[in-house]
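Letters are used for the chains, namely A, B, C, D, E and F, taken in the order the chains are written, and counting of residues starts over at 1 for each.
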């Protein structure tokens, strides 16, 4: 089976990190294809950039011209998953939801540690809409930008561990979710440092996407995610964006 | 003061209807400017179209080259208001929230009557995120498309009244919100037919936008809606869209 | 249009402060009439006093013998708005709800800074019933009494700013509501000190009352706020209270 | 021990019915004193009347010049209990809360059957504030007025049973609460007719008031229900009302 | 009337403490019978032990061969009450719910102070399911084990008082519930130390059980707690366990 | 990897059905071991039977003397998962939660169709505690007992389809979960009949258990699900039950 793992920003090296992380857990026979949007911000840390990413991810997937079995949207707390579900007939998995859903099998409450404080409300809102917020102990910001995760991994690790420890001691989290696609690969170290299960959304999403395909399940097209009605659409990027 | 009223679809005649409705309640000295996005769908009735509209509305506002004092996003249940708040320093008012907020001063519970059933979950989700859902008795679909509102106004009126009456008798609504920008102007008739206050989001939004300007209040830039950090953004439509 | 702004306590100087604040934002052509109840407490800081104010405000409004277009109940967290809505056909706006409703257009979360700690649960309960509590980050007490706001404005300002700053840093508020009718006029200074939008309930209520009148909207009389059924009422204060 | 059972309306015969019902379950040694307010409406079926009752009940209790051990406010869904708690050092029990609290020991969900439809939101709001609404399956109106309960008991019984049966079959209630002080004494018949436990708020409140006294427990005076601060109060009814 | 008070652990001395506490408040004519399960853990401080206690309590009650009028399950936060309600026709009262329900008549918010941190989520979950959590300010752990309450009462008292004081100052609790059956008898001292009402679940449960019996009320058998359908049950402990 | 799939009732044929269903989706290399408890009811349709099953499942797993990698508790809405998590270091997956968690990736809202009406509240309560209830449109009963599913599969199919259709049309479900372990294998037919995705908890649980093992994740032992403290436990069934 082929799974598209779509980055939400336009930084190719992050796409590569995410795709490698996905491949590390993919089942034999699963092909992971990493995709970078044709337009958008080099990192997504707010609503404007996230809405732009929503369209850019849809555009990139629609421009992909080979068959595929599932799509993973690899941005944490980002908009857009609902649009992809309308456009596609294969399962769509968002890493924010994949991480939370997985964490809830592992402990009574989970926390998310993300990048900048300004992204915290976006993640909280996505979890609330997804109906996965009740057992969320907290969403905490490490203060590191998405790009600093790449350029300063040691400082990022320390900042994330510090917030994870506070989530455990203050907020009573029993599981930590890594709240950024760019944190892919840090889970093992943080698990060792904190002593609790650490969930990376990308790898969680790979197992969920594979499972849905294996079970023969895909998005219900009966109401909310029905295919868009045929109508005139002007300037939708996939028509002219590249 | 100048208020931009931005349609979410690309149908000019709907922009005109909305702008006229806005002008009918604007205070003396308020100039209403109706804007139509440069790209997007001719009507917005689902997530894909709504996400596209989110970007198209931001793009259209950023392309407007005159000063303005506030922006009204005139789509019911649509995505994107948060992005506009990041990009602008003037107040941004969404008609979904304006209608609900106004209705809550008028009765113990309100209902929304909208177009197609598939848009009901979008409206519910926007109201939930906005923290305005608790006193929402129901969101009901009339079954009319956005464009049918224009082309078949009599049938639309009957379908809306029927659902409004059910909202009152079955769901215990005491106020009705018209759940589509394109329903602008129908409020008076429906009020007469149902005997309850009927709130049109566009006119409600005009009074709220004027009030915020008059009170000297605008979006808090301290956290969620801070201006986007300077970073590389590729292909943001306002650079190439027209 | 004429708007009655009714103080909830019997201190005339507070009525005057509130009325001046209201006049400062009223539209041209709006007459603001400040009213002081004929009975009740010199300040309202608890349930007993608040319930008494509920009746005293209704009594004072019913005793007013000129036409009017809307009523503002100018007490923060007080009981009684629902009773006024039953007795009147014109819109009734409570400043607690006006402030919260306005704040929600300005930021992701708001906090209220009020007077004594004992009034915090009253305000929280009113916001919960009003369906406006979900985005409330906190209600904080400055520790100043209502009368100290008048007699010691400098100390009051410091105490309010201190709690506002904590609301922003600890509770993640992005907007501050001034939680007492007697704080009217402090908003501008606190905004300068804290850097976030500050909402005064009285001025917010004036713009909302004006908007409802302008939109031709008033309380739904279909169920909860229907006019009281004709029945024998003994000793209702407006019959004998003055 | 002496328990004051205070009617919320001014109809003496209802006070008598309530007091008799209370006496029927009072423990040996408990004296039940029925009190009728000096002012207010002959029946309470809305917010105006209920706010007036709030003050009238406090007034009547403060005018009682003998010692007492607890107070029961015998109106369903009425305002005012919090004020009594501030004024008194003995326990105060509201029959709305007493009934719900008792019902929750008897079944997974309970419904309330009350008088007029317009009182339903008042009862729901009181239960929500009391934190007792989560297991409430529904509040249903029989359509009978408070006074019709007295004058047409057979019709009232039929109307109540009909709604109780719907609550059981449609709303999945397992227990029925009688939602009006004036329904005192109907519980046994309705239990026989419906086959589920039926809770009368007055008798439930008597056992709770007795229990609190026996356990040496009374209202916490540390914050919300602290005694009102000494201040000037003009025209509080207990000074001039009789 | 005879009330069975069933300990959830197998430590006889705790059963005795609980039964004495129950007798101290029981009405004249009420016989309290303390029962210890035939199997299970010497103290219950987690889910495994609590599930085992659920069955052990049912087993012990079914093995009791005299008539009885009500059952009190004297474990805080424990599983099993619903099973007892199915097996019996007399009222069943759980002390967790009895304490919370009683506390809610005494203050705006209550906290629970319990033993080990690991039991906090169990108590929170039971209160949430019971619909009694909304006014819970916090559940706090004293860090003392159930058995230390017996063996080191002075240290236990200090640890409990410390958490109660934090619940009052930090969490705004106005009432404290003692969160362990083995804390029976400490309420009076803690009340003196903290200045707020302190509710012991065992004594609260006795008054509620007596009240239900006196009111002629018992578990609704119409749905959730209907008697188990006749079917083959293998190895149910009461058949072979002793 | 070896996964134990534990039936909650003592009917061997149901264990076999469940195990076969599990094997049908297990990955190559996954061994499914079906286990039947040594004691308990032949079908679980209520709280007493469910609590007994909780202990019986723990007992059966503890008696299994080979290594294993994960455990699936194959009863819908049953108690006990938390106890297993304390006793084991490998992941534990409950089919109620597995089904809901999976359904939430497929549609905006899901419904559960189960057996008898009396089990509906148990399922609702388990979903509420699991934090997976917000997007649950309804839990509906087919009226078929667990054993009728085996003995009268055609009638069962019809009854389930009828409720699934009502869930879709009335409750706005977009996905159906089969609410009984004994419904394993019916999903494909019901999907064809209703046109929406149908989730079987057993197969969903298999993919989740495999994923957790593959990701190296297991229950957090830091707080709620810490291993039970060493203490005296009398008569725990695994010592004497067989």
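Throughout what follows, a residue touches a chain if its C-beta (ideal position, glycine included) is under 8 Å from a C-beta of that chain, and two chains touch if they have at least 3 such contacts.
Chain identities (UniProt): A, B, C, D, E, F = Asp/Glu/hydantoin racemase.
Keep in mind it's a predicted model, so treat the numbers as computed, not measured.
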Inset, instruction - Specify, for the interface formed by the sequence copies subunit C and subunit D, whether it is same or different in terms of residue numbers shared by both sides, with half as the dividing line. - result: same
Legend entry - Centroid-based (C-alpha) most distant chain relative to subunit E: B
Inset, instruction - Provide the C-alpha centroid distance between subunit B and subunit F, rounded to the nearest whole angstrom. - result: 44
Legend entry - CA centroid of subunit A to CA centroid of subunit B, Å: 29
Legend entry - Residues of subunit E engaged with two or more neighbouring chains: 108, 121, 172, 223-225
Legend entry - List of subunit C residues in touch with subunit B within their complex: 25, 27, 91, 93, 97, 101-102, 104-108, 130-135, 168, 172, 174-175, 195-197, 199, 203-204, 207-208, 210-212, 214-215, 217-220, 222-225
Inset, instruction - Enumerate the contact residues on subunit A facing subunit B in the complex. - result: 10, 38-43, 45-52, 54-55, 58, 79-80, 82-83, 85-87, 117-118, 121-122, 125, 128-129, 145, 223-226, 228-229, 231-237, 241
